[in-house]
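Please read the structure below before turning to the comments.
Chain naming follows the written order as A, B, C and D, and within any one chain the residues start at number 1.
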């Protein structure tokens, strides 16, 4: 029982990341009709926003400490971060400690800018080109982005810990007599994801901007005829999609130390999520994200792997294949969208 | 000649001449010169040129003609390699049974996957093939390599051991051979400051590629090829013209799968080892890059693209900072250092970045690939834009 | 003798009843027009003929055989060709290649792995395609890429593609929609000429009355999913029900 | 074997003389020369450094390259000589004099393995076929090492393996032309088990998470056997797909399994992610069966441990070498590496540096670059002063036997490099095994192959 609940929690957690990435991906596909293979890379860049902020906050003055020796026997170089010398040691340390949540503020403008630049500079020219070309150019972009990140940050994963206050384990099951302890940060991530998803939906639901975009998703040409400058709105939409993926990346860094390869790792997966949920369906993407997360968790249990050896390796792809063959519009896709 | 029109005969002869003379063409710089770094005329790379050429030619029959973008063709290459190595393990090192089996197995495998994937088109088809390829990779990498049932030998790669069965084992033939002629035999010709290497494996692969290139020309120019191009243009019309598109696309898929299997079998024949990473989706992405880079839907493009990418992978990745410094040593030091600093990002360990950039540039500015670029240059030299309506299709 | 028979066909999408008890007979060798206001169900009906849609109930028979459950290419192989509202042609191929494809389909059936013999050696197909282009007066455009032609030429090409299969029944979906007056007239002439020369049965969906009355030998009027009248053109012209359907209450005068 | 000309440069001179204006072609076949592949003819000799420059192990590859450059510098007489000064062979000094190898200046070419067998073999082949490399070395994964080792055996050049920890490299996939300085899964287990018993007691139940590929399996098999011999029980062994990034669903069930030890048979990115997950789930703060729950990482790498950050503190594992060792060899190496690059070398750097020195020494001893001569000189070689104490290259399987370091994540690191501390130097006698040990059985070393 506890094991089952634990796997569901795990699934929701993984699903949060999948859902956030897929949300942006399907938003871009729904509004712009563009298949963005660089979306995983945006997630990765978000994660490195967090790393960058951490590095910036750790910029230090170097003093030599003659009492200690470094590995060559020279006096040890002791680094004092500027923030500590500016705000005092305690305040400075807590600023560094909270660098991941702080990175949200840092990442939003950065990701919006990257999204807008990407759309204006590249994607715009591909609206009229075949899907294959869009896939290929964004695939090329994904390679470039990951190599640039590698050139700056190296290939090794970089540890970016959560704030001490949110590090540790919370006992969720004590009240109901179950042994169910779960990392605080993962719970935070789940709620953060829900908030972002809720924000995006509310934005689309309750603002005029959102209404136009939704109308545009339903029928791009008609909205264009109404004389609304839909292109500009779509540019902003692309920026928002990039920001959502970026935020998902920022907050994911304490769960797994980020490396330059994350984009490709999450790319195939997020496409599967979008397909399972239904191309262009926002609720579908969210639902499929959580569903696949949970399914993946269950497939990893000893029970599953002993029943069907290797099921944990292939479950995601198997689901994608079955969905595509049996119900190509996905769980919540509209009939007729991309079915043939 | 050979039932080809004049233009195709020209292309075909060009391919034959280039492949036969490759040991010379690829080795333009004297062995001891600084530029020797750029020579590509050594057996392994030349073999890769023609083998990946075969892979790309086959892929082009599917993607170039029908427009179906498969992200899973590396799976067939991998399957072909495994089949070939198994033939080495079970029968003998003779490459003929290995090649035959690799084509057959890849054909069956692609029939199965194609049958399922072709129920969808567009991006859905791409994602389906991607999912199948990733699944095949995972299965080959660990599921089918467990100690109880070891079909692929996992990370280490499938290879031939001395205690393997080898029913028709021949003494002294411990590497792949064609009726006794060893694939790894190399003859060398020294001509002044130049060394040229003539490798048996390369010429065997080259002959296979030339044959396969010929087959692909015939397919391109046949009614079947016409139908495939029609599939790309307008499936609705084709259906309402009384043609069932599914068998056409499936046939194209299987043919390209068999080409991939043959390429995989040849890879294993040149070097008897088959690894799972050949099946990864990034490897499938590579053949897509090759085809696009050269020019999808053109005859020569995929071969060019394959050569280009393999050249980059093997030559550019070996240019380290030391080599760069050696090139620019005659320059003033500040200039030398800044040049090296700039190039450093793009060569050696940075070659993936160059590849990504190059690829983007091609897709953005030259959607027709290198062939398109060559045509544009030719037209520019002629000084007039060729009439659009006089353009010969598919070339 | 009727070549196409529609009996009690019903088709609904969700709550919307697109076709209700439609009955229709197309006589062999005639031009039969199906008219009706927008949303009357004309396109739905046509799609039931070609296998794109399957009626919920009722039967559609062609030449004595049921068309239900048949795929578009199978129906075409039975001898039904279709011209679309916006010309569906192979835009990336040359005019000549466009016409060769239906010739191959006619000769080889729905699939043939003919991957070895060059197209240039298929002399019977080439002759037939060339003849067809001469017939529709397009032989000078033989090597043009189809996408670069005018809309009228595209329509003409599509017609040639359909005719090259010598169909038993030619379905035309608003063949003059969006055409200039002169083009419309030349299309009408072309259709008349084809009908006179080849005696091909045609079913035309059209809402341009001028076209319909100058072409059709028989007319069915479709309104709100049912056939409200089926008769000779003159009779249809004076039928009050038709006026009502087209003009609403104005039928009182 | 091949009919490849291996006296390239000699012929070249002849060609230049004979054909200054005439360019007389000379077709060479096997009959026209005898010797071995890529015999160096001029004033220099080329070595091939084949390391991962892209992919997840690129940083290890970069560190290996630094060490190679340093080794070449030292061999050619540059720098402070590093470990060349402390390198002792069978009691005496090594044969290295700082004048290159056998008087020839050492040159090198580099290539990218991409941590893929195919790419690694392609890169190695180009070094052999195009650049005339006489020896290939490097690598950061067992699959790649085995693939390249097989290739070198066929081509007739020496392969000096870099990082490769699978039992198979000198087990069922051993080759006469290949040598491994690095330790292996069995030795890790043999060194770790006694320390683990001492620290955590004999009454323990272990839960294994194992990367689902060849290396993971051999590592897990080794550590399970070694710990069970000390009285531990094994609760479960769960295979995790290599591509896993979030290990939460594998870590979560551990606590309820009754196990009180978690063994992570993971390396690289897998290790960082699984350890991070395990710590996140609070495993280390738990008590099971009245004992503190503990985590073990059998194979440590400092570069990777850095990626796991705080999480490695207090966690035991093994490593091949660590820069904090205080023997003369290690100190000399750290000094020259640190002076040149500004940070201490990794175990990967140390391994490949040693391999280069050992190869050079073997050539000097043999008096030839001929692989068969090198193999003879290497087999049974006893040496010291390369940082791991007295060491032997065993003739039977070309595995190096030396002390193994048991390390622990440091509680109070003073710098970003100061991540591990050495807990115990396990004497080599304790980690040795018979060449026909079941975990290593089945292979055939074969005979040395000089190529041509």
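Heads up, the rule we're going with is that a residue touches a chain if its C-beta (ideal position, glycine included) is under 8 Å from a C-beta of that chain, and two chains touch if they have at least 3 such contacts.
Remember, it's a predicted structure, so these values are computed and weren't measured experimentally.
Seen from the C-alpha centroid of subunit D, the farthest chain centroid is that of C.
At the centre of the protein atoms shown, by the Cα-centroid criterion, sits B.
Rounded to whole angstrom units, the spacing between the C-alpha centres of subunit A and subunit C is 52.
Separating the CA-averaged centres of subunit C and subunit D is a span of 74 Å. Work out the mean CA point of subunit A and of subunit B, and you get 35 Å between them. Each of residues 138, 142, 352 in subunit B touches at least two other chains.
Residue positions of subunit D touching 2 or more other chains, listed in rising order: 54, 58, 212, 239, 241, 243.
Touching chain pairs in this entry, ordered by label, are A-B, A-D, B-C, B-D.
Of all residues in subunit B, only 31-32, 39, 42-45, 48, 138, 141-142, 145, 147, 153-157, 159, 161-163, 175, 182, 184-193, 195, 197, 267, 271, 273, 275, 277-278, 313-314, 317-318, 320, 322, 348-349, 351-352 touch subunit D in the complex they form.
By the touch rule above, subunit B contacts subunit C in their complex via residues 3-5, 218-219, 221-227, 229-230, 232-234, 236-245, 247-248, 251, 255, 388-391, 393.
Partner subunit A is touched in their complex by these residues of subunit B: 67, 69, 116, 119-124, 126-128, 130-132, 134-135, 138-139, 142-143, 146, 281-282, 285, 288, 292, 345, 350, 352-353, 355-357, 359-360, 363-364, 367.
Looking at the complex, you find that subunit A touches subunit B at residues 35, 122, 125, 129-133, 135-137, 139-144, 147-148, 151, 264, 268, 271-272, 275, 279, 309-310, 313-314, 317-318, 320-321, 324-325, 328, 338, 340. If you check the complex, the residues on subunit D that touch subunit A are 54-59, 212, 236, 238-241, 243, 245-246, 248-250, 252-253, 255-256, 269, 272-273, 276-277, 280-282, 285, 303-304, 306-311, 323-324, 334-335, 338-339, 344, 414-415, 417-418.
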